[in-house]
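In the two assemblies presented below, subunit A is common to both, partnered first by subunit B and then by subunit C.
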Partner chain A sequence: MEKAVKTKEITGWLHLDPRTKLAMLVLFSVVVMIDVVDGPAYAIRVVMTFIPVFLVCLEGRVHIGARFTLLYVFATWLMQFTQKNIHGVAGMLLLFVCYMIMQFAPTIITVWYCISTTKISEFMAAMSRIRVPQGIAISIAVMMRFFPTLGEEYRSIRDAMRMRGISFGRGKVTKMVEYRLIPLLFSTINIGDELSQAAVTRGLGAPVERTNISEIGFHARDFLIVLVMLILTILYVYFTVEGGNVIL
Partner chain B sequence: MSKQESGNKLKGRDLINVGIYTAIYFVVVMALAMTGLIPIFLILLSSMIGIIGGIPFMLFLTKVKKPGMVLIMSLIMGILMFVTGMTWMPIPVSILTGIIAELVYRSGDYKSMRSAILTAGVFPLWSCGNYLPLFLQREQYFADRTSYGQEYIDAVVRLTPNWMFFFWMSRRVVWIMCK
Partner chain C sequence: MIEIKNVTFHYAGLEQAGLSDISLTVPDGECVLLCGASGCGKTTITRLINGLIPHFYKGELTGEVTVNGKAIDKQEMYSLAGLVGSVFQNPRSQFFSVDTDGEITFGPENIGLPKGEILSRKENVINDLNLRNLMSRSLFDLSGGEKQKIACGSVAALFPEIIILDEPSSNLDWDSIRDLSEMMKVWKSQGKTVIISEHRLWYLKDIIDRAIYLEKGRIVKEWDRKTFGLLTEEELASYELRPVNLEEKYIREFSEDDKDSIQIETIVSKSRIADQDAEKRSDRVFLHNFYFTYKPKKYFLFKKKITPEDDAICNLRIPYLETVKGEIIGIIGKNGSGKSTFLRCLCGLEKICIGTVIVNDKVLSGKRLTEISYMVMQDVNHQLFTDSVLSEVLLSMEGPDEKKAEEILKNLDLLEYKDKHPMALSGGQKQRVAIASAIAAKADILLFDEPTSGLDYRHMKEVSTLLRRLADMGKTIFVATHDPELCAQCCDRIIRISEGRAMEIA
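Up next is the complex of A and B:
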């Protein structure tokens, strides 16, 4: 149960307000859902893609930023190469993969950044500050906290299955799903029970207003980032409308 | 978990359950979405979510005793989809389907197996929201698949109870009796 030791949580010296990150996510989703391939809007899109990458690097995770940059550049290159040289089914497949990477990798890295640099208590404080109902806030917080646990459990189960000689590619697909999903489910039930007992002991669900000691608040850097993102998003939308691309 | 808490208000424990099962569900859905890289699986994806995602979801339903939990889970899935770049459409869709699923499960007093199975069939409809933009934006590309929504609904409703038969062997008798 030494999870606290194992989880590598980067708390972030940049210390952005969780609400800033939330705003970033929302603005980013706006950009991702509009699709462009060229023109000034595309340039803005690329710039916006690299803002979270830049932030990740600032937090001292340069290797992740670098890996992402490589992937993105490679996907862009491959897309252009495919469009020119490869046709038929293979070309379509490759284009599709590239498209998926370019579409979703930016959001994935943004989400990763937001989750890994936010402490749960900070998140809760921010949520109650913007008056999100407790039900949703607690559920999301638990969910965020649970992803690493799930990963850990899955790794142990995979090791156990390897010991038993059940590995990928052998046997049926249904068996593979069964041997992994069912143990995962049942171990998570236990963890969940423990978690809820711990939380109830600490007063979750008590009929009083919850207090929170984590300090959150907007600083100059928060305003700066939100402002930059906002301006870029507005420009992006403006250019896409101007360029006659269909929106929704 | 032996004692059932009375009252209809959601307690911390319920919310934690929602969080945990949403996490599992989301991971399963994402793992399935990875197979969506192969185009044929993209078409099958929604029904796959219904079938494989149904495993954790049924387990979740056994923990649901109060109104609102299914709705919250559905809403969170919608928000997650929004965050991962599927446009804003999943959110209203997920709220809508969440309410429907909630009502279906409520009709069985959060106990009946039959309504649980129906709920498991209705709930994955949230994933339809992901595909709405595909239809609205790239109509020419997906012109030959516009009937997909209806087909998908049929598929889930048809396949999920079939799978329930298979997987919840011990409950089969109960289900038939309910029917």
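Up next is the complex of A and C:
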């Protein structure tokens, strides 16, 4: 499918080092793994949730940041509302949905931010700087390259389903999943095959040290972000251990 | 120099035809065309030279393939990378980076060249192939033609002596194809050996030094440039090759600047359609207010609809179009001009488009357009969901009626495959399965997005006959295509879309 020509710089003007983003992801996952519901730790958690959102807004995607904020605030409110007012199965279900949103939405937006603003060549350069073996770096790079393609394919399939009026699998959840997955599997296998042909004919996997021409390096903003995240994470861990409510 | 000596090859585990007893010598600097019907073995020959056979595709291989005296099967893929470069058919699955700069430097980085050398090569390639305006872009935002140019650049940056192109023009518009042929001319002037496997021949006739015709895995015929250029349409047709000069003539006709084309009316009030007399209304299809933009107005939660007032920011601006039922309308235009978008709007996939279709006095717009229109996508794999051909058709019916479904399949010569898995069928058969489900869904308007891309002459003719049959059943058909022959053979009208505006070609 053809898309209109639009110019878009991939790396945002912040131009964070991929290693900064990696550190951010690691620290953030520590926070996600330890669960708290109130107290100072909860406040820190909320602050850390909004750091990536703030970065997304800084990169000029204010509408995405705004939509996320709305979703998050709404889920928080609904959770409290449900706890007080709705009981039984419906309440449990609502609580579960809210919990999922509050648990996963911040992770998704952080991962999305990190991946969508990183060029593959920058990522490869960063990986070789921190001495990750080339095999592992290439595998991760291929995955990063695959996400947008997967998205494109998924959108085409969703369109095809809409056209036939089977978006909801005629009421069956299993069909709904099946109709999406089967064409997706076939087309990703094809694309994967073609992609690897193109890569090997261009010398990927040669037993030489791969050159990286991307300029990467730490700047003040990188140190600032890592420092803030690090301090917040340490405080977070301290408060949760102190409060004795560690649920790993 | 490339030397292929008595090579016989069969793909392991694939029904795909191989090669039998091929011998071919290509001296340095020659440009060779490999032609013939689908499955004749031309792609297989390219794979022998770039090493995908035997390193990627396994099978029984006898005989010898050497490039510059070195046997291909004794070398590793990465050591071939600097010697043989390959451009493939599908622009969207042959880039590895997500940005254009990264893609050009990808190859040289892989083989570990020093940084300064890579940068100077990049400059070189950008200048030689005229890629300056494509730099610093996201590859996902490029059109098919632009992606293919970057693929060429990426290959050229490895400075290979031999460049192999496997049906590179399949998804390209005519201007992009001309750009591609310019690139090939540059490579020729640099003394590179160019091997190209292709169905579309018109853009190659002045570039190639030699044409090789294959049939069922054997080399049957060879022409030099001069005799190839002198082949008559009948001779070419007897080889089931696409007519060289005829295609060029059509392209000239269809892309001629606005001289013979008529701008389709711009402002039409709704009452005009209602005013038509009943008889005229019953056998026509009216399209009204098809506007669309890729850069929607800023929104927070809900996208805003696009109306004629937004004309200035629109990528598609078709206020009014009237067609007779059973007509085949060819839609041509450059990659990214809005052809596919028009089709997407027409079948209700673009929510922000307010376009209305009036047929049989029914006024349909938005989601309800899916009730009367059905698009056969360029990649039909996306629209086949079930595990047998029959259930695919039944899925589209409101109430499953096996008898009716079998009748539809019979009409499309698919009855014998009714229990097969759709993914096990050939490309053309899959296309027909998609059409069968469109008929089952009682769609009045059928939309085809590039139905003949990458098809050889015979398959293209089959598609064109099929479209005609569908039209005779009373279906109104819109075909977005770059295929000049398809337009000439089966379209009743041709509409050119440029910058989102429709122009009738008289």
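Keep this in mind: the second predicted complex is superposed on the first by the 216 of 248 C-alpha atoms of A that agree within 3 Å, B and C clash if a C-alpha of one lies under 4 Å from a C-alpha of the other, contacts with A are read in each partner's own complex, and residues count from 1 in each chain.
The criterion applied here is as follows: a residue touches a chain if its C-beta (ideal position, glycine included) is under 8 Å from a C-beta of that chain, and two chains touch if they have at least 3 such contacts.
Nothing here was measured: the structure is a model prediction, and the numbers come from that model.
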First (subunit B), second (subunit C), both or neither touched by A:221: neither
Which superposed partner A:96 touches (first subunit B, second subunit C, both, neither): first
Which superposed partner A:187 touches (first subunit B, second subunit C, both, neither): second
First (subunit B), second (subunit C), both or neither touched by A:111: first
Which superposed partner A:204 touches (first subunit B, second subunit C, both, neither): both
Subunit B versus subunit C as contact partner of A:146, first or second or both or neither: first
Contact breadth on subunit A, by residue count: subunit C or subunit B: C
Which superposed partner A:195 touches (first subunit B, second subunit C, both, neither): both
Which superposed partner A:162 touches (first subunit B, second subunit C, both, neither): second
Subunit A residues contacted in one complex by subunit B, in the other by subunit C: 145, 182, 191, 195-196, 199-200, 204-205
Sites on subunit A touched by subunit C in the complex: 1-10, 63, 66-67, 70, 119-121, 124, 144-145, 148-149, 152-153, 156-157, 159-166, 178-179, 182-183, 186-187, 190-191, 194-214
List of subunit A residues in touch with subunit B within their complex: 25, 28-29, 32-33, 35, 92-93, 96-97, 100, 103-104, 106-108, 111, 134-136, 138-143, 145-147, 150, 177, 181-182, 184-185, 188-189, 191-193, 195-196, 199-200, 204-205, 246, 248
Subunit A partner contacts - residues on subunit B that touch it in the complex: 1, 10-13, 15-20, 22-24, 26-28, 37-39, 52, 55-56, 59, 68, 72-73, 75-76, 79, 82-88, 133, 136-137
In the complex with subunit A, residue positions of subunit C that touch it: 50-52, 55-56, 77-82, 84-86, 88, 90, 92-99, 101-102, 105-115, 118-119, 136-138, 140-144, 146, 151, 154-155, 158, 294-295, 298-301, 315, 335-336, 339-341, 344, 347-349, 370, 374-375, 377-379, 381-385, 395-396, 423, 437, 441, 449
